[in-house]
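The data blocks that follow each hold one structure.
In what comes next, chain A is part of two complexes: it sits with chain B in the first one and with chain C in the second one.
Presenting the complex of A and B:
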């Protein structure tokens, strides 16, 4: 009998152990503020940063009568200045009734001023703190980060979620726009590569404000040195091999053509030639015609021949424009150094120290082969000569 | 462990009781006397002046010199049979019985027209038993023997479609409360001489007829023996439904999972018997029990075998999935929204948070309110007469689904979660009780320890399931990898299942001789036909 009693007590004590530990990790949803965006701006003091948090404002509705909620600002902006990011968050936490919840952070926005000062020392907290996710988008604001985070978005209740959707859809055209925290970290770890981060601009036009992606910021080391505008971004994307179906508009003397290039097969090889190292680029792709204006009275074959030639020239021009610009800045945004290292590890060991001198002198040899494969629903445009007439 | 302790305590108490009962039963049998009046008085005394006890005295013979009496319980007997079959042949034929020398009990017995059995007896306990189970007793003056004539006829329900297990495709017969009808329904399905039906009487007061049915050579003798001993050791005064038997013979009386299967459909029971299980039919209950029962049987339905294998397999997988939804959906919701908010997609989190905003209770409490009020509504809907039950469900749906949300007592996502949980629970009727209990346990664990608590609860559930046996057969039997996989998570085509499930079956293992898909033989025929055709051309 006694033995059984002891067993029962044991079980009860074990059960109580479970329950008495309490819900120490328990947060009800109405006790947390969900951070959707995090911005870091330069503060007046060089040691400090100005932290902006965008917190989703949960409206106390019960799921009914959603109609009468005002369209604007469904989020709060919190702002403070401190030395570190987490200490700033702690400071903000004292000002709010709820605890700050960072897991759902969508975007990290750096103010341009802060990027000019360097971001390396603030990256540590993003890598170390377990609430920070490595797949958060990273952006650079053309102005301040606060300005971006406090701009409401038309179709989205929460502008950070809107921003992340915007980057996502933007990266369908140019994958270079999708820079996640993990991408940035790995680029920063490569010694010769200059990381790029998409730039976002807040525009204020007649009362209504909106944001747009305006280019790519180029960082040398961890500091801002320049930026690529949208046209150069395209030139950059061609070589980075992350274009799936990218539009290309060409103005020829006969008319205007909007085409898109798909099925891209790209080989970029670093090589050593007689004049030293160079990059050889072999570009193949299919051209799809999206729109033709002009070319009156010309037959299709001639048009396509012109088109093909123009496309090749345009592509070469765009690629070289971007490349030359990066050479002017002496920023290896393509990661060619890394490419050399992979192919010729021993040679690169020697080159590495002089890479800053080699890169501006680097040659690029481009081979472009394009073919018109798809003309859309029709072959000819209205003004163009009918091919069937000619054959008759 | 607590449970085992109680179990042991109860077993010892049972032993003590049994000794008392046995001494009570062992009294001396009282024998019938030659005096009719004395016998009748004894019967009146033992049955009391019951309203339904009828004693019909009559005289017969050439000069009405012989006296006799018919004793029966009104309502249990066929009165037409009594007058036409018993009284008429004896009293109308006046010349037959002239003197007392000619009159013997066997002579009378021969002249009775009766479809059932006629038994001679001189022990009062037998006579009373017979009388109470619908026989007519004939006692004659100056004879020390009585005739027990089977004249049973009472009101019984027709064979109708069972309410609990309706099918779209398949037989629609259901068992009734009558034992004979039920055994007939089984016999009609299995016309093998190997189908054995053993009779038993359990209950001092109710004397309920119990029948255990199995196929010799298919059912394991040790399981049959175990069942017999367990049934024999039942020492109670009343068995009113097969549910009584279930509780007395199950192996894990403190488990929330049932280890005895039941069904209301003869086709289901027949298929279980053919798989080596033993059926226990109890008089007065349309629910027939089967042992041993495996956990996976809860997810099998009759219709699985009447529709094609692919669809049957998909629905069975869905049923297993529904079991998990029914148990874990609410706990997971609780765990996610109080411990692991980072696992919820951001936009969904906003939706849930919006609904949570302004509700006054913690998530666990909110869930408990809904789950318990759902159980209340279900119980109310079940017990009330059907027309009122509908009214209750309308009130319930409005109060729970709409008013509670718009009043801000509970959040809408929680209502949805509880609703899907409730509906999923109904898909597995034989585990509905264990699901309700498990759900509440898991909810509490989830609210205390989050996902870790759910993991602990799930492990505990698995340990419990794996530890259980039903009549010596592991309860999780067919779920583990074995040949029985053919009929567990999926239902293999019937032609593929050539052997009966392992672990239950004794010697007669083959269902069919060879493993041949039916298509192949057809192809052979076609091939032959084609050859012939070629030769002709």
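Presenting the complex of A and C:
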């Protein structure tokens, strides 16, 4: 009997242990400020940064009285200037009644001015601090980070969550916009690669403000040197293998075609030719026709032949446009240097020092093979000539 | 004279070995920081070198099926040198338990409870381990099957969840580092998780397997553990790429990256629970072995009185091992492998050679 009792006591003590471990440093929901967005801007002083935190307001305990709270008041903005990120957060902590909780941070936004100065020294804290996660999105603001974080969104109560959803849905077409902290860190660690980060622009039109993704910022080392506009981003995405199903609109002399390219098979290989290294790109894909305007009086076969040729040319043009632009900037945004290192590590050791001179001279050989596989619900267009008319 | 009369079956032994090695999956950073994207090659070579160690251990097991390591030392090397050898092993067992305990504490501190003092976590943890150890070998090894299955399922499941983030280009370039780095990496992995199975020599008398089958089960268990470890290394490299060298717990960082669409993310606490469970298994086994070895050397009738004392020593010892994570990593990649090689390879080899030379054996077939 006594032994039996002892066992029960032991079990109770153990159970209490399990429950109490979490009590040591407990955070209740009403004692923390949940940070959803973090922005870093250049401060007046060169050493310092201007930190912006977007903190989600935790609403009242019931979900019923939602009426009065408009979307603009669902988050608050905290802002301060200090030397480091965490010291700035400490400074902010003294200004608020709640402790700042970084685990649920969705986006990190760098202001353009700060990116021009360099971001590498501020990356350390994002890797080191336990509260930060490697899957957080990284963005560059066209203006300041504060401007982006304080712009409310119509559909989302919290604009940072809105931003992360925007990137997520944007990456269905091509994934170039989905730059996570881990991707950025990894590209900063590669010696020859120029990282790219999506740019967000805040627009102020007649009272209602909105944000949109407007391109990719190109960084050389860790400093901003230029950007790709949306058309060049597409050219960039083609050879990065980031495309899933991408629309392509072509104007030919016979009419206008809107096609989409899917089922892309891409081989992207660095090679050594007779006159130095070059990149060989082998691109295969299926064309789906989405819309045809014009092509009056032409039969299907002829249209398809023109269409295919036009698509191939358009693709080549887009790819080369973007590539030449990056060569002008001398920024290896594709990571071709890294690609050489991976395939020919021994040769690259010699090339590495001169990569800045090699890259602008680098050749690109593109092979594009496209097939028209899907024409939608119809075979012919309204005003196209039917194929075997006279036999009927 | 046997201190613990508990018996474990063949399959239980196999899963115990497997689980013991799987529990080391947290400690991949030691060689990952040395060999980077080629760590998987190193772990495969290390696995086969571990097989050589295994051959020595099973040869000893076959020769002395009803004796544990301390008894073998006494028998083969005589009471004086044998005792010195056994004391060295006890140092090894205690250090290993303390190191693993400290790793577990660091991991919990990092992943789940950052502000809780480590001593609280470790003391509570050791309390449960002590409970298991007091109940004997049967209890310590009973859940090995369950733990191994759960861990294997998790490893396979994480492969599918991480599929989107896997980039096979991360493995390139292959074999582009100085040769000595591969030697160092292989050395680390073959001593730090794989060679640690030397502790199983302590429970030879408790294993109920025919002598000629013992090698088969040992190797099977070793293979399950080793393959899961290699899979984890492959997964981590494929997901993290060149960033892998930055982290203290690469596999945990990989798990933090995983998410199923937007809804099911941040599952790492679930994985952390599995990892802690595995660590519990490993530490309680090491703890059991240390207690058993100490009581054996003093020829006690029962080891139960020592459990609490040794547990306290291990907890305090673990606080004095190293001051910081950086020192730990430095030791783990550069110094500890050489130290461990003595206990895992040299001493058993000497024992085996002397036993062969003196034609000593306690099994009927050996005579």
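Things to note:
FYI, the second predicted complex is superposed on the first by the 361 of 392 C-alpha atoms of A that agree within 3 Å, B and C clash if a C-alpha of one lies under 4 Å from a C-alpha of the other, contacts with A are read in each partner's own complex, and residues count from 1 in each chain.
Basically, a residue touches a chain if its C-beta (ideal position, glycine included) is under 8 Å from a C-beta of that chain, and two chains touch if they have at least 3 such contacts.
Keep in mind it's a predicted model, so treat the numbers as computed, not measured.
Of the two partner chains placed by the overlay, only chain C lies in contact with A:185; chain B stays clear of it. In the superposition on chain A, A:253 contacts neither chain B nor chain C. Taking chain A as the reference, the larger set of touched residues comes from B, when chain B and chain C are compared.
In the overlay built on the shared chain, the residue A:8 is in contact with chain B alone; chain C does not reach it.
When the two complexes are overlaid on their common chain A, residue A:353 makes contact with neither chain B nor chain C. On chain A, the surface patch touched by chain B in one complex and by chain C in the other comprises residues 21-22, 25.
The part of chain A that touches chain C in the complex is made up of residues 14, 17, 21-22, 24-25, 127, 130, 133-135, 165, 168, 182, 185-186, 189-190, 341-343, 345-346. The touching residues of chain A, counted against chain B in their complex, run 4, 7-8, 11, 18-19, 21-23, 25-30, 32, 34, 36, 56, 58-64, 101, 103-104, 106, 131, 158, 161. Listing the residues of chain B that touch chain A in their complex gives 1-2, 5, 8, 337-339, 341-342, 346-347, 349-350, 352-359, 362-363, 405-408, 411-412, 445, 447-450, 453, 456. If you check the complex, the residues on chain C that touch chain A are 110, 113-117, 120-121, 124, 127-128, 169, 172-173, 176, 240-243, 246, 253, 256-257, 259, 262, 265.
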